[in-house]
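So, here come the structures, one by one.
Each of the next two complexes has chain A plus one more chain, namely chain B in the first and chain C in the second.
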Partner chain A sequence: MSDSVVIPQSPVGVQQPEADRIVRRPSVLLLLLREPSACVALMTVVTILLAALFAPWLAPGDPYGGDLALTLQPPGELALLGTDGQGRDMITRLLYGLRTTLMIGFAAVFIGCGIGAVIGFAAAYYSRLSGLLMRLMDVLLSFPAILFGLAIAAIFGPGLTAVIIALSIATVPLMARVVRGAAIVVMQQDYIEGARALGMSDRRLILKHLLPNCLSAIFVFVTLRFGQVILLGAALSFIGLGAQPPTAELGAMAADGRNFLFFAPHVSVLPSLLIFIIVLAFNVLGDALRDALDPKLNK
Partner chain B sequence: MLRHTLERLLLAVPVLFGVLLLGFFLMQVVPTDPAIVRAGPTASMEVIEAIRQELGLNEPLWKQFFIYMGRLLQGDLGVSIINNVPVTQELGATIGPTLELMLASLIWAIPLGIVMGTVGAYYRGTFLDRIIMAASVAGVSIPVFFLGLILIWFLGFQYQILPFTGRPGPIWTWEGFKAVIMPAITLGGVFVGPVARMTRSSVLDVLGADHVRTARAKGLPERTVVTRHALRNALVPVVTLIGLQIGFLLGGAVVTETVFSWPGIGRLAVGAILSSDLPMAQGTIIVLSLGFILVNLAVDVLYAVLDPRVRGA
Partner chain C sequence: MSKALKSMLIAGAAALTIGSLPAVAQQANTLTVLRVIDADKYDPIRSTATAAAEIVYMLADTLVSIDFDMQTIKPLLAKSWEVSEDGKTYTFKLREDVKFCDGRPMKAEDVVYSLKRWTDPASKSPVSFRGGPVKDIKATDDYTVVYELKEPYADLLFQLGLSFASVVDKASVEQLGENFGVQGFNATGPYCWVSWTPRQDFVMKKNPHYTWGPEIYKDPKPQVEQIVWRVIPEQNTLMAAMQAKQADATYYMPYIAIDTISRIPGMKVQQQKNYIYDAFMGFKVDKPVVKDEAIRRAVNMATNKDAIAKAVYFGKGAPMQSLLNPTVLDFDPKSASMMPKFDPAAAAKLLDEAGWKVGSDGVREKDGQKATFTVYGLRNAVNPRISEAMQADLRKIGIDMKIQLWDATVGWGKLATQEFDAFYMSYPYVTANEALNLYFRSTQTPTPNRMNWKNEKTDQLLATATTATDDATRKGANAAVQQQLTEASVWVPLVSEPMWLVTGERVEGARPHGVYGAGLYKGLDIKLKR
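Right, the complex of A and B next:
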C-alpha cells in the first residue's frame, strides 16, 4: 500500500463528502501492524492465549501432583523452570495458572461488559432513563474494585466466584459509560433518524445500527479492561481472597512463593513476571488499537 | 459555589445509606449465626438464646436494622469475634498507618508523574517521550506485589539497606521513616504511570490552545509559557483525576500492606475476611466506603473551586 492513502478525518460512520468517500481507509489491522510495539504485543497475546488453551497438551507434568523429594529446585536440567515448594513442575503450574487467571479475566469482562453494554445503550437510547442509570453508575464508579472484592469475599467467602463477581461489578459502570458515550454520538447521525422514520423497532435499531457503529469503542475498552481485570484478579488472589490452594492461579502462586523468596525466588518471580507480561501486552495492544481506530490521531 | 457543595452533599446521603444497608445485609446473608460464634463451640442452647436476645437477633429484620443504625450512630461497630477487641479500636489503630503509607507514596509519585507527563507532552514524538510513555505503560501493567517483591529481594535481602516488614514507629521517627520507604516506593510506583499519562494528554490539549499561542507571540520565555500558561491550566483535570484515582491507590495499599506486613486497614480487612471475623470485616468495609464517599465529595468540591465553569452546571 502506498503512502498516498488518505485517511478520512471524521469519525467512522459519519457521511463523507463525495470525493473522499471513494478513498478506502486502510484496515485497522494494517494500521496496527505499522507500530512495532503493537506487533510484539499482538504476538504475545496470541501466544499466551494458545498456551492457555493447549495447556493440558503442552504441560510436561501434573499441576497438582508434585515430587516432595524434589522441592524448590532451581531452574535447570531437572526442570526447565524449576519446581515449587511442593515439588511441582513450574512450567506446568504456570501453564495451568495462566488458564485460571485468563478465565477469571474472560468471565469478569464478559459478564461486566455485557451488563454494562445493556445499561449504556439503554441510557443512550431512552433519555428518560439516562439520569437515573448514569447516577447509579457514578455511585458504583466511586468505589474501587478492591473494595468490591473485599465485600463480596466477606459475603460469599474467598474464592474464584467472589473475584469474578467483584470484578464484573467493577466493570459494569465503566462499560456503561463507554457505551453510552459512543452511542450518543452515533444517535445523532442521519441514518439513525432514517431508520427510525422507516418505522424500525427499538430493538432492531439498537442491534442493527447502534451496536455495530459503537463496536470500535467497545473493542478498545474491552482490550484495555481485560488487562486491568487480570491485574486486579491476580492481586485479589495474592492477598488470599481469590483462588485458593492448591488451585494453580498466577496471583496465588506468587503469594505461595513469597515464603521461599530468599532461597528460591523463581517460585514467586515467574508467575509475577507472567502477569506483568500479559497485562503489558494487553495495555500496549489496547493503546495501539485506540490510536488505529481513532482517525483523528492518524495525522 | 455553596449550592454546588450542598447538592453534592445531598447526593452523598443516599449512597451512604446504601453502604450502611449493604453492611447490614452482609451480616444477614452470611450463613453463620453470630450468636453461636460469639458463644463458642461448647455453649449450651440457653446461653446461645441469651446472646440472641442480647444482640436482638430475634427481632424482625426492620427492627434489627434500626438497632444496627442506632449502634453505628453511637460509633459502635461491634466486637471482633476473634480477639474480643472493639472494632472501632482496631480501626483507629490501623487508619493512621494506612494514611501514612498513602501520603508517603503520593508525595513523590504525583510530582514525578506530573513532571514526566509535562516533559513527554512538550517533547512529543521524540525518543524521550517514547521512553517516558513506555515507562508509564509498564508502571500501570506491573502487579503491585511484583514491584514489592523485587524491592524486598534487592534492597531488603541482597543489599540489606532497608527493613521490609512491619512498622516499628510513626513516620517521624528514624526507624519508622526507614520502614515506610520501601512500601511507599512500591505503592507510589504504580501511581506514577497513570498520573504521567493523564498529565501528558492534558498538557498536549492545552499546548495547542489559543492562549498558549498568544503567550508565545508576546515573546514570553518558553519556560514561563509551559509552567505558567500550559501546565497551570492542564492541571485542573489532572487534580480531579488524581482524586478519583485515590480508590485505585487504596486498592494498591491493601496489597502493599500484605506484602510488607504493614499494620494498616487494608491488611486488617483482609485478615478479618480470611478468618471470618464478620463484625471486623463489616466495620472495615463500612469505614473504607465512607472514606471513598468523602474523597469523592472533596474532589467534586475541589473541582468546582479550580474550574469556575463547573459551578454553574
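Right, the complex of A and C next:
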C-alpha cells in the first residue's frame, strides 16, 4: 500500500524544519481504538473469535449428547442458559453453533471475495473483458442469495456445503464490482503508467501495484460482507437448507426453538441474539475501518 | 420459565393476533376451525391429503360411516346391506330421503357413477386400489346398488367409509371438469361448498336438506349455519388465535400447549383415544448396512421410544410397542410381544455378535463398511426432534445415522426416490389389513412400499387376509404378516400420534372423531352458544 501522508497546517509565518513537516499517519488499529464504538466492536469480534476457537475447551458439556428427560429447561441452576429441545446445554450448543456460523461466514467470504477480486481486477485491467465479465456479474446480482441456496440445496442436498456455495456465489458479483471500481481509480494514477512504460508484466503490475492499492477497499468490503453473510447463512439454516442435525448452527438453533417460543423462548432467543451481536459488531467494525482507512474522512 | 411470564408471552401474542386476523369467529352461528395446512384440491378421488379428507367428509357422504371406536361400520347413505355367501357381492339399500346441495334427490345411479369414478383405473386416481378387485358396480333400481368383486375383499366396507368413496354429483363433475373440487362441489354432505381461497380459508354453509346423518351422532342434522376452515401454518400463531377467541376449534394445537390451553377458562380439550395416526421409521431392506437384519433390530432396541413420546410429544403421544396400533381391527398382540424392548446394551451385544465392531471413531464397521445410513423425512413439527433423539441414541451403540429432512414441497418427491436408506413417515389407517396391504405388498413398490419389501410369503398371506370371507382366516393371516414383519424389523414403530380437539367457550357438543385424520368428521352435534 502506498504510504498515506498528512500534512498538518502550519501556523502562519512559522517556519518548521523539513523533517517535522511530514508526519506519519497513525496506524489503523490506533485509529480504531480512538473511536469508542469501534473499540467495543473490535473487542466483541475478538471475543467472539476466541470463544469460537476455544469452544471445545470452554463448553461445559457435550454438544451432541442430551438428556430427553431434561428438555427445554429454563436458564437456572441446572444449566446456566437452559437446555434445548434435546436436553442439551445451551451454552455448549451456542459455542459450537458460533464456530459453525463463523466457519460458514469465513469460507463464503474467502471463496466469494477471492473469485470476485480476480474477476474485478481482470475486468478493470483488461478493458476488452470488462463488458462481458460485468454483465455476467449483473446476471448473478439479479438472483437473491436465498434462491441460490434453494437451487444448490436441490442439486447437492441441504447442508453446510450448499450454504457456503450459495453465499460464495452471491458474494462474487458484489466483490467484483467493488474491486473493479477501486482498480479503475488506481489504474489512472501516474505510477501505473510509469510501471507500464518500464515494461512491467501484467501479473506483476497487478500484484505489486494494483492489489496493494485496492486492499483498503477490499478489507472494508470483506468486513461488512462478513456480517451480511452470517445473517444470510443463518437464514438459510433457519429454513432448513443449512446445517443438518446434530450440527449446532445459530440459524438452525433459532429455527429449532420457534415451535415452543412461548414456552421456552431461550432456545430461539439466545442464538438469535448472538447472530444480532455478531452482525452488529462486524458492521460497526467495517464502518470504522472504512473511516480509518479513508484519509479524507480522517484528517 | 415462570407461569406468569409464559402467560404474559401468550397474552401478548394473542393481543397481536387480534389485530392481525379478521374477526370471523365472532359472527353469529359461524364456526371457525383452524388448521395448519391446505389441500391442493378437494376432489375426493384426486387427493390423499388429510387436509382434503377433513373438508370432503363434511361436503359429501359415503355409503357407510365409521364409528368413534374406529372398528364399527354404521349405515349412512346405505340404510342396510347384504353380503353374498362367497363374499363377492355387496348389495346396498339406499336411503330415499337424501338430497344433494342443489336440492336434487340422490338415486342409485349417482352412487354407481361416484364409485365407478373412484375404482375405474382409467380415472387414474391414486386411491382407486382401495376399492378392491371390482368386477362391476350397478344399480338394480333407484335405491339399490350392487357392488360385485372378482374375489372377496375383507376391507371393502371400511374403504367405503373413507372420503375417497364419497358420492358426488355427476353433473357438477362434468361441468367443472379438472376444476371439480377447486372451483366448486355438489354432493350430499351436511355442508355445502361456498368458497375456497387456497392457503387461506374454506367456507361451507349448512345443507338445508340434510337429515340423514349417521347414528353415531345424537342429532342427524347440522346445527351450525356456516363453517370457516382457516389455515394458519405457524403453530404459535394458531395457539394465540385460539386464545384470542379468533376461532372456535382446532385439532392442530401444538402438543406443548395442550396443558396450558386446558387450564384457560372456557377452553375444552378432548382426546380421541381411538385415533390411529402412527409415526414410524422404515428401512429400505435392500440397501447396504440396513439390509442387515441385525442393524435393523439393533436400531429398534436402541431407540428410546418412551423418552421420545415424553420429550417430543410432551407426554401426549403413546410410544408404539408394536408394528400396528393396538386399537386397530386385526391387531395382533403376539407380534407386539415379539417387538424388541428398549435395551441399548443388548443392541450393542447383538451388533458385536453380528460382526459389527466399533472403529476408532466410535462408529462400527464390518467388512470395510461403516455402520452408517441416511434417513429422509419431511421437515414437520416432530421429525427434526425425533430424528435427533434417535441419532443420539444410535450414536451410543456405534451407529451413525445421517439426517436429511426436506420441506414438504420437495419432500414427497425425494421420498419416492431410492436415494435414502431409511425414512420417517406418519399415516392414518382404519384396519390392519389396509395398512399392511398399503405398505408391504410387492406391487406397492417403490411407493408407498418404500422399504422395497418384496416377499412372497407376505404377498400370499395378505392375499389370504384380503380375500377371506370369515373373520378368523382374515385375522390369522394379518397376524402372521405382523409377526413376520416384526421379526424382520422392517420398521421402527415410534409413536402413536394423539388427536386433541380444542374448542372455545362458544362451542357445545363437539367430539373428536379422527378417521383418516378428519378430527370433526361430519361435525353434526356441534352447536354454538348465542
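FYI, the second predicted complex is superposed on the first by the 277 of 299 C-alpha atoms of A that agree within 3 Å, B and C clash if a C-alpha of one lies under 4 Å from a C-alpha of the other, contacts with A are read in each partner's own complex, and residues count from 1 in each chain.
Everything that follows uses one rule, which is that contacts are C-beta pairs under 8 Å (C-beta built on N, C-alpha and C of every residue); 3 or more make two chains touch, one makes a residue touch a chain.
A quick note: this is a predicted structure, and the numbers were derived from the prediction, not measured.
Superposition model on chain A: chain B and chain C are shown in a clashing arrangement. Of the two partner chains, chain B is the only one that A:231 touches; chain C does not reach it.
In the superposition on chain A, A:165 contacts neither chain B nor chain C. By the touch criterion defined above, A:64 reaches chain C but does not reach chain B.
Counting the residues of chain A that each partner touches, chain B and chain C differ, and the larger count belongs to B. Once the two complexes are overlaid on the shared chain, A:260 sits against chain C while remaining clear of chain B. Legend: residue contacts after superposition of the two complexes on their common chain; A:288 is shown touching neither chain B nor chain C.
Once chain A of one complex is fitted onto chain A of the other, the partner contacts of A:240 extend to both chain B and chain C.
When both complexes are overlaid on chain A, the residue A:139 reaches chain B alone and has no touch with chain C.
Contact with neither chain B nor chain C is seen for A:90 once the two complexes are overlaid on the shared chain.
Judged by the touch definition given at the top, the superposed model places A:251 against chain B, while chain C stays out of reach.
Chain C is struck by only one stretch of chain B after the chain A overlay, and of the options 127-135, 217-225 or 271-279 that stretch is 271-279.
Taken together, the two structures place residues 154, 157-158, 239-240, 258, 261-262, 265 of chain A in contact with chain B in one case and with chain C in the other.
Chain C makes touch with chain A in their complex at residues 1, 6, 9-10, 13, 235-236, 239, 254, 256-257, 260, 304, 307-308, 310-311, 379, 381, 384-385, 387-389, 391-392, 395, 402-407, 410.
Residues of chain A that touch chain B in their complex: 135, 139, 142-147, 150-151, 153-155, 157-158, 227, 231-232, 234-235, 238-241, 251, 254-255, 258, 261-262, 265, 268-269, 272-273, 275-276, 279-280, 283-284, 287. For chain B in complex with chain A, the residues that touch the partner chain are 11, 15, 18, 22, 26, 29-30, 137-138, 140-146, 149-150, 152-153, 157, 247-248, 250-251, 254-255, 258-259, 269-270, 272-274, 276, 278, 281-282, 284-285, 288-289, 292-293, 296. Chain contact summary for the complex, chain A toward chain C: residues 64-66, 68-69, 71, 74, 85-87, 154, 157-158, 239-240, 244-246, 256, 258-266.
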